[in-house]
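Heads up, the next two complexes both have chain A, just with different partners, chain B and then chain C.
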Partner chain A sequence: MGAGHGHRLHFHGHSPVHRAPAHLKVLLLVGFMLTVVATPRDWFPVFGVYVLVVVAVITAARVPLLYIVRRMVIEVPFLVFAALIPFIATGPQVEVLGVSVSEPGLLAAWGLAVKGSLGVMASLTLAATTEPADVLVGLRRLRMPDLIVQIMGFMIRYLDVVTSDLGRMMVSMRSRGMDPRSPRSWPTLARTLGSLFIRSYERGERVHLAMLSRGYTGELPK
Partner chain B sequence: MHVPDGFLDAPTSVATAVVAAGGVAFALRKARTELDDRTAPMAGLVAAFIFAGQMINFPVGAGTSGHLLGGALAAVLVGPWTGALCISVVLLVQALFMADGGITALGTNIVLMALVGCFTGYLVFRLVAAVLPKRLSSIAPAAAIGALLSVPVAAAVFTLLFAVGGTAPVDASDVLVAMLGWHTVIGIGEAVVTGLVVASVVAVRPDLVHGARTLVPAAELEIRTVPAGGQS
Partner chain C sequence: MSVPVLDVQGLAYAYPDGHQALFGVDLHVHQGERVALLGPNGAGKTTLVLHLNGILAAGAGSVRVSGLPVAKENLQEIRRRVGVVFQDPDDQLFMGSVRADVAFGPANLGLKGAALEERVMTALDLVGMADFAARPPHHLSFGQRRRVAVATVLAMEPEILVLDEPSSNLDPASRRELADIIRSLDVTVLMVTHDLPYALELCPRAVVLSDGHVVADDSTYDVLTDDALMRAHRLELPFGFDPRGIDSLPQ
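After this line comes the complex of A and B, so read on.
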């Protein structure tokens, strides 16, 4: 997991934000998001300040803003849900564009959308500026139990192996005429998952044996 | 499916984070008894498998599709403690690297999907498996019923959290009806997929399925010595 082998969301760079120690960035992210979540949603100008803070960090990291914005599509289903709230919420009704909606519901929808979007933006900034290996070091420094950090490390290390294993299985099934868009392919897809589990589990056993043969006693070298 | 930042208020988020931390710490200790010193590599690979499994989209028809949540599946395949641990790690990685699920809602997500999801699934699986005949063919249907119930139960727990610390003025009983209705449908999909996946693993390697451990003796690792230059 050296340079150039970062995960899909990583944006390679050498800015001060990239170089900042990962444990500091994780702490700042959690602190910032807790503040955002605890801010009353009718303090409208404060949220403007929050957005400015995140945009300032993204700019300082020299990550194109569009890079972050394009990856924010992950929260679209949630935004759709937030947009529904004014119609189902209780409380006094107001007219917006000729449609009667709940006033507190409108405020709640704004709160959900702005807090959720800030969360996605801030998390994407962390992901874009921090290598997975650095995050692991940072989490260890934050006193995350060693075993959890090890499990995370193995998961991240083998994520691409396992997902591309799955990708190859999908390609070979497609080339044999399976239609992945038909509900009739459920049994095939499920058997694929079954064999993916067996392959992953057996790979885990092989990795464990390989580690034992190299002197693994339950702890990884720091 | 992941709860984002700001959905529940700060005190509720912190409280669920404390519960999640306690639950994961306990699962960590118990997972060692399920996997001994293999815990780190095995749980890591199983977590990668669950992540990949959530990437497969199961077409529902009319252009929509859903994916597996995997709580009950993981619990039946590798045991409830290791399963809960794996799902927690998946959620942690998704929150830190993929912005999927809010970082302040991580505790909520772990409580709902890893703790409630795995343990409801596993308890129901055990209960159903105790009633069905003690045969390998009973494992998959029992796992399916466990998966079927685990999803609406997690949704009900979410509604409870929402009633305590929700930030939208929606009537909690309305939320409960909507959540239960919708998640029962999701649970049916989860049940079919979980049952089919477990059946396919049971057919090939029943010794790997934790839930079938009482029916199949665990295969011990054999180390055979072969003469040098013999078979490789």
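After this line comes the complex of A and C, so read on.
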């Protein structure tokens, strides 16, 4: 249990993009995102250039494009929201495929979708080419407060532990006849999340004890 | 006799909610001994362990480690001298790699560079995990994680190793490998366990804690074969196991 699966976002490789220092990649990512967000949404060709830039980086990293695209599913709820905007926004109406929609709404939806997707794609590229531990080293080098870097480190370390805790709880509930899809079991699910929180909190206390027992005084060794 | 490594006198403790867990515990462990701490669930074993390195502060009585009292001003040195290996290795291994985890304790003691690296590799060698130094702990098997947890504490070169349920959740092969490791170490051991055959195999002496009192302190063999004592304190040997039928006992 908890053994054998790596971080699902990282794609192992030795390309120049993989080898570039992590703090540089983080800086480039943030710079790129700020540029994308600041670009007026009706400069349509410029977004084409952005997409090309990201695709070029992915290609240079020798990460299969499909690997990134498949993980972009995470932004689907966000895209659904964007798709709703043209129908609920006001302003002059236009006909698209026989349906009347709001023109400013359509533009807003485009802006949201393209900027969001570019952000997700670029972040996934960073995640695919940089080990989580290296991202932390990079952030520390960029003078991110040590406490926050420590907390992020613990999050990465215990993500698998907490998900497998949840997995075991779900298996035990299913074994006793619960159907997680049926709305009738939603109250139970909510309570499960509550007890998962308590469990994780108590684990946090135990980890802290184990740290104190080895002389922790508030600073992790570099 | 020399100064005991562990000297607990009249230790009493009540939790903040009023529940009293320990009522005047006396315990002495001398250099090089391996002692099993036995007792039913809720007897106060874990509470006692948390006093040994000053996580909990005694309500009454005292704890001394090689003569040094467990008190706030000595905590850093106490925690170097007393190495506690907790039951769940996931609680003990919290860094990104095995090497970083083993280095955590000695780095807190101020070790750096080559000396630190050497300490880490020596500790990993002792538990046979040197080849796994670069791996993240959550990619190891449970038995391997338990061994790394032991190494994280050995790296601090403790005077006494305190193991909380070392054999729990291990398959028989990992359980035996861990026993071999514990036997090979040149360190005083206090082992908290419900695994009575394991206690008999590894520890010549056993202390029984029940309801916050020490009710027996004798050779493990004598404790396990004292049927009245065992029954009175909810201690039971596993099915088919009889210490009287074993002819090679550790001395």
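A few notes on this one:
Quick note on the criterion: the second predicted complex is superposed on the first by the 211 of 222 C-alpha atoms of A that agree within 3 Å, B and C clash if a C-alpha of one lies under 4 Å from a C-alpha of the other, contacts with A are read in each partner's own complex, and residues count from 1 in each chain.
In this section, a residue touches a chain if its C-beta (ideal position, glycine included) is under 8 Å from a C-beta of that chain, and two chains touch if they have at least 3 such contacts.
Bear in mind that the values here come from a model prediction, so they are computed numbers and not experimental data.
When the two complexes are overlaid on their common chain A, residue A:Arg203 makes contact with chain B and with chain C alike. Applying the stated contact rule after C-alpha superposition, one finds that A:Ala109 touches chain B and leaves chain C untouched.
In the superposed model, A:Val161 makes contact with both chain B and chain C.
In the superposition on chain A, A:Arg141 makes contact with neither chain B nor chain C. In the superposition on chain A, contact is made by A:Gly153 with both chain B and chain C. Legend: residue contacts after superposition of the two complexes on their common chain; A:Gly215 is shown touching chain C, with no touch to chain B.
By the touch criterion defined above, A:Arg62 lies against neither chain B nor chain C after alignment on the C-alpha atoms of chain A. Contact comparison for chain A: of chain B and chain C, B touches the greater number of residues. When the two complexes are overlaid on their common chain A, residue A:Ala133 makes contact with chain C while staying clear of chain B. Of the residues of chain A, those at positions 132, 153-154, 156-158, 161, 203, 207, 211, 216-217, 220 touch chain B in one of the two structures and chain C in the other. Chain A makes touch with chain B in their complex at residues 7, 9, 26, 29-30, 33-34, 36-38, 41, 71-72, 74-75, 78, 85, 88-91, 102, 104-105, 108-109, 111-112, 114-116, 118-120, 122-124, 126-127, 132, 135, 145, 147-148, 150-159, 161-163, 165-166, 180-183, 185-187, 189-198, 200-201, 203-205, 207-208, 211, 216-218, 220. For chain A in complex with chain C, the touching residues are 1-6, 132-133, 136, 153-154, 156-158, 160-161, 203, 206-207, 209-217, 220-221. The touching residues of chain C, when paired with chain A in their complex, are 50, 53, 55, 76, 79-80, 83-84, 86, 88, 90-92, 94-97, 100, 103-105, 107-109, 136-142, 152-153, 156. Remark: chain B residues 4-7, 9-10, 13-14, 24-25, 28, 32, 37-49, 51-53, 55-61, 68, 77-78, 85-86, 89-90, 92-93, 95-100, 102-105, 167-171, 174, 192-193, 196-201, 204-205, 208, 221 touch chain A in the complex.
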